[in-house]
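Below, each structure is written out as structure tokens.
Here come two complexes built around chain A, the first alongside chain B, the second alongside chain C.
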Partner chain A sequence: MKNLFAITLGILTAIGGFVDIGDLVTNGLVGARFGLSLVWATLVGLIGICLYAEMSGRVAAVSGRATFDLVRERLGPRAGLANLVASFLVTGLTFTAEIGGIALSLELASSVNYLLWVPLAALLLWFTLWRVKFTALENGSGLLGLALVVFGVALWQLHPDFGSLAHQVVHPHKPAGEGTLTYFYYAIALFGAAMTPYEVFFFSSGGVEEHWSRKDLFTARLNVFVGFPLGAALSICIAAVAALVLKPASISVDNLGQVALPVAVALGKLGLAVAILGFVAATFGAALETGLSCGYSVAQYFGWQWGKFVRPREAARFHLVVLLSLILATGVVLTTIDPVTVTEYSVVFSAIALPLTYFPILVISNDRDYMGDHVNGRLTNALSSVFLVIIVVAAVAAIPLMLLTKAGQ
Partner chain B sequence: MKPRYALIVVWLVAGAVLLAGCVGPARTTGRYVGKATRTANDAISALQTAALAVHTSERGRMLSPYLNVVLTQAESDFNSVQQTFDSIQPPDTREADAIRDRLDKILTDGSDVLGQLRILARRGDQVKMVAQARSIPELVDKLDRFVTEVSG
Partner chain C sequence: MSDQPAGRVLDLNLHLLDRQVVDTEGLLVCKVDDLELEPGENGALYVTAILVGPRALGSRIGGRLGRWIMSIASRQATTPPPRIDMSRVRAIASAVTLDAHRADLGVAPLDDWVDRHIISRIPGSRHESE
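Moving on to the complex of A and B:
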């Protein structure tokens, strides 16, 4: 019974924790502009993140070591450092977007300007990262994030023609008036939103925090293969309600408020309140994960004591990196830079940085010295190799597409 | 990767981001028409957001802080679109000047409506807000016609 509870909790947390500011904005934006014709990109990203998270979770459970610790050992200090810098910058950019997302969500609930919420959000984040235990932090934010299920209820209440929606998914085509390059730019953005590197740093480091061993592999796999797809289904619901309500009215999504508008149309005040609660929980949870991931990556690379399973004074340098990252990210949001723009760039840069950590994890998960009998099977290797090609193509194409489309305009 | 190459990559990426956000002059009437149609479409989006928010509020389905934020952001987005369009140097042709005058007139009217909606929402004056929002479909029609005529 206790095991069943742990498994259910893990899956629910994975669902609630899957969606962050990148998923909210990108799916709303893409749904309003392209309908469901880009769902395939989310599904490709979903398969990719499942493979990536399963491999890194397995590596963490079998070796007891997390991503950057092994990246440095396997690639050497110089290549490892280049890898660390790129991953840290992308995670930092995502952290900035999440802090902006918390403030924007609180603005929706209060109508007080988001800039006034930023210091408060930062303070609450720091307190939570400093004081709250890892399990409480992970489960609390994940479970509250389940409030986003309201997008699924809204979809049902809008009484759509599900056949037509399914047709858009199965027979995707570029809507008239949209350029081919723009279509593929947003495909990469959705792919990056679904396959954010920090999710994997957090997942594998969390495995070490929770002292996973080989016997925990089943639970970890269930979290990934059940929780993540259900989380992706939430993302698709966000795109679907935007396609049903915003697209016919020629509304393009430029801010977080517009993403919740279809829920208000479908469900009224209560639904809207739940959606805003979901926004706060999803962005707050993701900010905790990205903040910790900044500390995890640096501390693991340099071999410092890290994690929340030890007292803060025993992992002082880890907590210092987390605090400095928080101060820097908060400072960037306070420059009045548009958090939605930061989010749009962060998902694309996530796609660009992906090969840097995906490739070493693929190599390590095939290395019998680390993994013993738990190396990748043939199917995993075949799929992972195909995904390596997809990830590299997306990473290489992202910047030219960003320039040619003026960031999707 | 050597540090020198890593630095070049960082500069290239930063340059790409900056270039992606630039607004350049329109050297030909064709390009100016392209920017004007994009402006009109963005303006339609902001106006329709406000219209949908007010309509949903009329049905008693909106929380008032959320309505305030949505209308404030719609106005802010609209004004930003107008300012960006006004900052574009049009080519030296009569056609470009006519396009600028025509679109600017509609944008000014739209900005006034959205400003009024924001004020009325903050005052909680639902009746006047709904009345004010009735002028939005006409503005959207004008912008739609503008897009069809200049790009056709």
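Moving on to the complex of A and C:
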């Protein structure tokens, strides 16, 4: 019974934890512009994140080593450092976007300008990172994030023709008036939103924080293979309601309120309130995860003590990095830069940085020295090699596409 | 490596360098930033110590960045670079396990400084999370 509870809790947390500001903005934006013609990109990203997270989780459970610990070990100190700098910048950019997302969500709830919410959000984040236990922090935000199921309810209440929706997904057709390059630029954005590197830093470091062993492999896999697909289903619901309500009215998404608008149309004020609660929980949870991931990656590269399973004094440098990252990210949000724009760039840069950490994990998960009998099976290796190609192609294509389309204009 | 721990022959690049070092209680100490090698009587090279810190790491990062790290670090330093003698290594697996306490090794002066001047001054730093 206790076991069943733990498994259910893990899955629910994975669903709520899957969606962050990147998924909210990108799915709303793409749904309003491209309908469901880009759902395939979310699905490709979903398979990718499942493979990547399963490998990292297995490596963490079997060897007790988290992702960045191994990145340096496989790539050496020089390439590892370059990798650390790139990954840290992308995670920091995502952290900035999430803090902006919390403030924007609070603005939706209160009509008080988001900039006034930023310091409060930062203070609350810092307190949570400093004092709240890892499991409480992970479960709390994940469970509250389930409020986003309201997007599924809204989709159902809009009484769409599900047959025609499914047809749009299976036979993707670029809408007239959108360029081919723009179409593929947003495909990469959706791919990056689903497959953000911090999710894996957090997942594998969390495995070490919670002292996973080989016995926990089953639970970890279940979280990934059940929780993530359900989380991706939520993302697709966000795109679908935008396609149904916003696209026919030619409303383009350039703020968070427009992402929630279809829910208000379908379910009224109460639905909107639940959606906003989901936004706050999802962005707050993701801000915790990205903030910790900033600390995890630096501490793991240098071999410092990290994690919330020890007293802050025993992991002094880790907590210092987390604190400085928070101050820096908050400072960037306070420059009045548009958080939605930051989010749009953060998902594309996530796709660009992905090969840097994916490749070392793929190598380690095949290394018997670390993994013993738990090395990748043939199917996993075949799939993850195909994904290595996809990830590299997406990363290489992202910057030229960004320049040619002026970031999707 | 003949005297410690069981005279194993290792590919240093693959099995020792950049590995996580863990103390007797499982606390993380540092990475194997570099190694101290000394020739034995038979002419073979033996690993005598794990070298730790920016001066050891800088020489392996190399290039202009590596020299820059080393020059900054040696300007700050008053003592020789921290080292952990191989006699303190108990096991080499996915981590290098020591039979010593992290606090007794004195390999992380920066950590002590950050702890004393910043982290310990924030309320709640001595307690586990709740």
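A few points about this structure:
The rule we apply is simple: the second predicted complex is superposed on the first by the 409 of 409 C-alpha atoms of A that agree within 3 Å, B and C clash if a C-alpha of one lies under 4 Å from a C-alpha of the other, contacts with A are read in each partner's own complex, and residues count from 1 in each chain.
Throughout what follows, contacts are C-beta pairs under 8 Å (C-beta built on N, C-alpha and C of every residue); 3 or more make two chains touch, one makes a residue touch a chain.
Note that this is a predicted model, so its numbers are computed, not measured.
Overlay on chain A: chain B and chain C fit together in the combined arrangement. With both structures placed on the common chain, the touch criterion links A:276 to chain B but leaves chain C unconnected. Between chain B and chain C, an angle of 130 degrees opens at the CA centre of chain A in the superposed model, to the nearest 10.
In the superposition on chain A, A:306 makes contact with chain C only, not with chain B.
Touch criterion met: A:402 reaches chain B, while chain C stays clear of it.
By the touch criterion defined above, A:63 lies against chain C but remains apart from chain B after alignment on the C-alpha atoms of chain A. Once both complexes are placed on a shared chain A, the shortest Cα to Cα gap between chain B and chain C comes to 7 Å. When both complexes are aligned on chain A by C-alpha atoms, chain A residues 78 touch chain B in the first and chain C in the second. Against chain A, the residues of chain B that register as touching in their complex are 1, 6, 12-13, 16-17, 19-22, 38, 41-42, 44-46, 48-49, 51-53, 56, 59-66, 68-70, 72-73, 77.
Of all the residues in chain C, the ones that touch chain A in their complex are 15, 17-21, 27-31, 33, 57, 60-63, 65-66, 94-95, 102, 108, 110-111, 114-115, 118-120, 122, 124-130.
Only residues 63-65, 69, 72-73, 76-78, 80-81, 130-134, 136, 301-306, 308, 310-314, 316-317, 319-320, 369-370 of chain A touch chain C when the two sit together in their complex.
Only residues 78-79, 82, 85, 107-111, 245, 249-252, 254-255, 257-258, 260-261, 264-265, 267-269, 272-273, 276, 345, 349, 352, 399, 402-403, 406-407, 409 of chain A touch chain B when the two sit together in their complex.
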